[in-house]
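First subunit A sits with subunit B, and in the next complex the same chain sits with subunit C.
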Partner chain A sequence: MPLKRKIAYIDLTTGDIEVKPIPIEVRKKFLGGRGLDAYLLYNHTKKGCDPIGPDNTLMVSGGILTATCASATARTHVMAKSPLTGLLGSANMGGFFAPEMAWAGFHHLVIKGKAKHPVYIYIHNGEIEIRDAEGIWGLPVTDAQWAIRDDLGDQEVKSMVCGPAGENLVAYANVMTGIKNSGGRSGMGCVMGSKNLKAVAARGTMDIKIAHPVEALEYNKRFIDQIISAKVNQTQGTLGTPFIWGATNSWGGIRCRNFQYNQCEYADDIEPERIDEICEETMGPYHMTGCFGCQVHCRAQYKITEGPYAGRYDEGPEYTSQGAFGGETDTPRANTVLVGNHLVDQYGMDNLETGSLIAWAMELYEKGILTKKDTDGLDLSFGNDEAVIEMIDRICYRKGFVGDTLAKGGIQASKVFGKDSFQYLIQVKGMSNLHSDERATPALALNIATGSRGSDHLRSRPAIDLYHLPQDVLRRIYSTPIPYDGPLSSEHTEYIGKPWQVFWQENCYMAVDCLGICKYHTTFLGATLPNFEDWPKVLYYNTGLDMTPEEIWMVARRCNMIERLFNLREGLTRNDLEKGDMLNHRYFDEPTRRGAPEVVGRVIEKDKFIKMIDEFYEHKGLDKDGNPKPETLKELDIENEPSHLV
Partner chain B sequence: MTTEKDGISTAESLRKTRTYGKFRCHNPTCMERLEPKKGDKTIKCPTCGMEFRVAWVKDGFPRIRGPVWDVNRKIAQDVLEKKLKDKAKEEK
Partner chain C sequence: MAKALYIDYQKCTGCRLCELVCAVKHDGISNPTRSRIKVMKWEAEGLYIPMSCQQCQDAPCLNVCPVKAISRDEELGRVVVDYDVCIGCRSCVAVCPFGAMNFNVIDKKVIKCDLCDGDPQCVRFCDVNALEFVSPDEISIGKKRDAAGRLSKAGREAGVLLAEL
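Moving on to the complex of A and B:
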């Protein structure tokens, strides 16, 4: 049974390994994946611990449905205190690692301590060993993954590795489960590097018994039909995620030149159809591929066509690389995006954070806060393709003053650069914003301001708010499974009703992260994709766990609140520009200058934004300061946390 | 176990609301449904005047590839200029 998958506690300092079952009452409260990781983090990490010290605890997990008959349950989740933000660190990635770990007998790992020398953890059919990684340390991501297979003599081994960026303690280093399957955004690769942990490798052939296999397969057909019939997924399967950036740039919802413009004009060379052409030219017509158990196949494959990296193979680029190395730096050239994407993949470094911080440094250079003396002669002007590529390398290997400083993350770097540099840093809770500009979309502004791991589009973004859905459709979506009779607006420039949408999406995304399902299979980019009403049968047929949509909703709320409790314990306060639910002043003060007529000239109206936060807090059961009310903790049955149930 | 009505979930029932062969204008307060003819490479919104390049995911499935830059850029510049003037007047 999937519920029989175990949890392992691994101490890298002592080499001790303890394996335990996951109690059913814990499963019912937190399911698995990100939710259970949040519980474990809150219980097993000391308040105020050094994120790159041995006391920080790293969680690795699959969802409760991972490796079952359910579609797209490929997601691997990692969590620890973030070296980038000092708050919650959390990353979720596709690929094949978590199912392999489940077949090897485990759904959750809790890794603490620090190894004396580079090691990797090998999980194999119920056994766990800590192996020497001296010969693998220093290798880029793909080479490291193949070296581990060679070391173990098994080409089917799947591994989750940190690249050179993690080893060099870049605060936003990723963990990677494939060539481009990245657990990015909050420096989980840095946590691995700090522990001298190069990789976690898994190989499993243990059976997973499905509770009701015939019904599970039958229901999954219906689930798949729902997923592949969605227009958004058909587009993803043809063009990959770059279509998102292309569409958003079209109306003026992306960031260009750090935050100076909200549209990258004449960006035809990085539009999805152009990138698709390059993929087809270099990899043939069947260049789209996918993760474990997924029918969407949103991952493109390509080779770089020109320059010093010509002939190198990679996957993607995701929309995030288009934004990071095309839009934000105003270098809308396909080759720059493809090379930039390749380098961050091989270095194991977050593309969003890297591109955002390079763009920030470019604006500081433009304003004279950074000079050629600081950059060792590099012309850090916007539009300089070579400078973008050079800076990726300098950050990973911490070369030069600017490269080494940017590797610390934006807030720490702003303290080194000084002057007004912090004013131009577009971040929330220390994490750079996605390459999107939310000044014309208040719901999205609220989402990034309140995201649990910092400014982020994957924690509560009501992306369907951009589709101008009719009121009755919005009502049907957002009133399930919990009745909601408050206001809703089809206008994405409006403020009304948006806090409920963000609250609903926050719970929706937490639920899929607990189940282990990809977000492209839920109400993220498409309104007709599965959510709370569709999940109970999948859960029951595969695991035997009988839960209602309302109960899954409550699990999601509970897990979100645990994340909030962790952040509050680590110093989150409502209006703190470094650790709070607050936006950079430019959102309120500087109007947008490009895009569609109704997008041009917009700012976020601060009084309305504050009201949205108030309302969002009310939905969550928080007081005006953002702390949970006692009755909320009781309602969610977490008033005694940390409870150390497991 | 589930709260399905008529045997299908809310998300499944919403499939009936899908439209094919059309997309919406990218101007947020316009959002006119535009229906390019097969093979069209551009389309102009009859309501707000914005113009877009059209790409085809497959037959019968068009999408906006991007703006016709020169046209939409001019519209944006004019609107911004007017908004800034209006704001300056308000402040006086």
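Moving on to the complex of A and C:
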């Protein structure tokens, strides 16, 4: 049974390993994946612990449905206190790792302490071993994974690794599995590096008995049909996430030259069709690959065709890499994006953070806050392709003043660079924003301002707000499973009703992250995809756990509140520019200059924005300062946290 | 003519859903080691090749079986194991040139593709049609058409080159 998957507590300092079952009452309260990780983080880390010290605790998990007969349940979640933000660190990735860990007997790992020398953890059919990683330390992401397979003599082993960036304690180093699957944001690879933990490897052949296999199989087929009948997923399955690049850029939603423009002038060269054209000969007819058990197959495959990296194979580039190494730095050339994407994949660092910080440094260079003396002679001008590639290398290996400083993360770097460098940094809670520009979309601005791990599009973004869906369609989506009769607007430049949408999406995304399902299989980019009404059946057929849509909604709210409690404990205050639910002043002060007619000249209106936050807090059950009301904690049954149930 | 499982590995995206549904359909259990089909992967090259039983006409597994537990089912075009007769010696596993005869270490018995009695679930779930269940003569006709198209295209390109000379 999926519910028999266990939790392991691994102390890297002492080498002690303790294995425990996950009690059913814990499953009912937190399900698994990100939600249970948040509970474990809140319970197993001390307030104010050093994110790169031995006291920080790293959670690795699969969702409750991982490795069952439910579509696209391949997600691995990692969580710890973030070295980048000092608040919640949390990242979610696809691939094949979490299912392998589940077949090896585990759904959750809690990794504490620090190993004396480089090690990796090997999980194999109920057993856990801490192995020497001296020969693997220093290797880039894919070489490390293949070296682990050779070390274990098993080519079926799946590993989750940190790259050289993690070893070098780059604050936004990520964890990676496979060629390109990244637990990208908030520096979880840095936490691994700080623990001398190069990898977690898994190989499992243990049964997971499906509670109602005939029904599970048939329902999975229905689910898949629903998912791949959505045009958005068919397009994803042909072009990958870059399919939204052209449209988003043309209406004016792409940050260019850090935050100076909201549109890239010449962006055709990095359109997915163009990249396909360049790489045509090196790929099969579909050019696409997918995660475990998923029929959307949204990852493109490519080979670099020119320059010093010619012949290197990789996957992507995703929409995020287009923005990070093309849009923000104003270098929209295919080869720059392909090489930039490849380097961050191999070094194991977050493409969003890397690209954003390079673009920020470029603006500081333009403004004279950074000079050629600081950059060791590198011309850090916008549009300089070589400078972008060179900076990725310098950050990973902490070379030169600017490279080493940017590796600390934006806020720390702004303290080193001084002057008014902080004013130009596009971040929330210390995490750089995606390359998207939210000045014309208040709902999306609210989402990045209040995201639990900082400025991010995958924690509460109501992306369908851009589709101008009819009111009744919006109402149908946003009134399940909890009735909502407040205002809703189909207009993406509006402020009314948006707090409810963001609140609803926050719970929707938390629910899929607990279940272990990919966001492309819910109300993210497609309005017709499954959500709360559909999940109870999948959960019941696969695990036997009987829950209503309302109960899953409550789990999501509870887990979001635990994340909030963690952030509050670590110093979140409402209006703090470094640790609060607040946007950089440029969103309020600098009007957009490009894009569609209704987009040009937009800023976020501060008074309306503050009202949105008030309303959002009310939906969440927080007071005006953003702290939970006692009755909210009681309603969510978490008034006694930390409760140490597991 | 009974249909055959046709695998076009060039279309495979490597998701391994076939392995999952195979195990769930046959055993009600999620575990790829129980799957009769298995995707072999070279991730670093983006190469994914599903491997399954070819239901050979002159099947080595059938020939090698010392107790004659393996026979051909002409109606469904498959090679089947009679578990009442099988002694679990694994000779068939050793001799199969495709590695398509598996030994399930949990139940301690050999397992192979039985084409789900005529409705292969791997085919049903493979949206990219890397797996198809078709009449064997259709397979070669389709491939002939593709190859002819390539030849014709090459011929035209060569013609253009000649014309330019």
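One rule holds for everything that comes next: the second predicted complex is superposed on the first by the 643 of 646 C-alpha atoms of A that agree within 3 Å, B and C clash if a C-alpha of one lies under 4 Å from a C-alpha of the other, contacts with A are read in each partner's own complex, and residues count from 1 in each chain.
Assume contacts are C-beta pairs under 8 Å (C-beta built on N, C-alpha and C of every residue); 3 or more make two chains touch, one makes a residue touch a chain.
Remember, it's a predicted structure, so these values are computed and weren't measured experimentally.
A.B. asks: For A:E491, using the defined touch cut-off, is the partner it touches subunit B, subunit C, both, or neither? Pick first, second, both or neither.
C.D. replies: The first partner, subunit B, only.
A.B. asks: Looking at A:L31 after the superposition, I want to know if it touches subunit B, subunit C, both of them or none. Which is it: first, second, both, neither?
C.D. replies: neither
A.B. asks: Determine, under the contact definition given at the top, whether A:M93 touches first (subunit B), second (subunit C), both, or neither.
C.D. replies: A:M93 contacts neither subunit B nor subunit C.
A.B. asks: In the superposed model, which partner reaches more residues of subunit A, subunit B or subunit C?
C.D. replies: Partner with more touched residues of subunit A: B.
A.B. asks: Between subunit B (first) and subunit C (second), which, if any, makes contact with A:L217: first, second, both or neither?
C.D. replies: After superposition on chain A, A:L217 lies in contact with subunit C alone.
A.B. asks: With the two complexes superposed on chain A, say which partner A:K209 touches: subunit B (first), subunit C (second), both, or neither.
C.D. replies: Second partner only, subunit C.
A.B. asks: Touch check for A:G290: first (subunit B), second (subunit C), both, or neither?
C.D. replies: After superposition on chain A, A:G290 lies in contact with subunit C alone.
A.B. asks: Overlap of the subunit B and subunit C footprints on subunit A, residue-wise?
C.D. replies: none
A.B. asks: Which positions of subunit C touch subunit A when the two form their complex?
C.D. replies: Residues in contact with subunit A: 10-11, 13-17, 20-21, 24-25, 28-34, 43-46, 48, 105-106, 121, 124-125, 127-128.
A.B. asks: Taking the complex as given, what residues does subunit B use to touch subunit A?
C.D. replies: 1-4, 9-15, 17-18, 24, 26-31, 48, 50, 52, 55, 57-58, 61, 63-67, 69, 72-73, 75-76, 79-80, 83-84, 87
A.B. asks: What residues on subunit A touch subunit C, complex-wise?
C.D. replies: Per the touch definition, subunit A meets subunit C at residues 67-69, 96, 103, 142, 146, 178-179, 205-210, 213-214, 216-217, 220-221, 224, 228, 283-286, 288-295, 297, 301, 313, 315.
A.B. asks: In the complex formed with subunit B, which residues of subunit A make contact?
C.D. replies: Residue positions touching the partner: 226, 229, 231, 234-235, 238-239, 243, 246-247, 249-252, 265-268, 271-273, 440, 467-468, 470, 473, 476-477, 480-481, 491-493, 523, 527-531, 533-534, 536-537, 540, 546-549, 591, 593-601.
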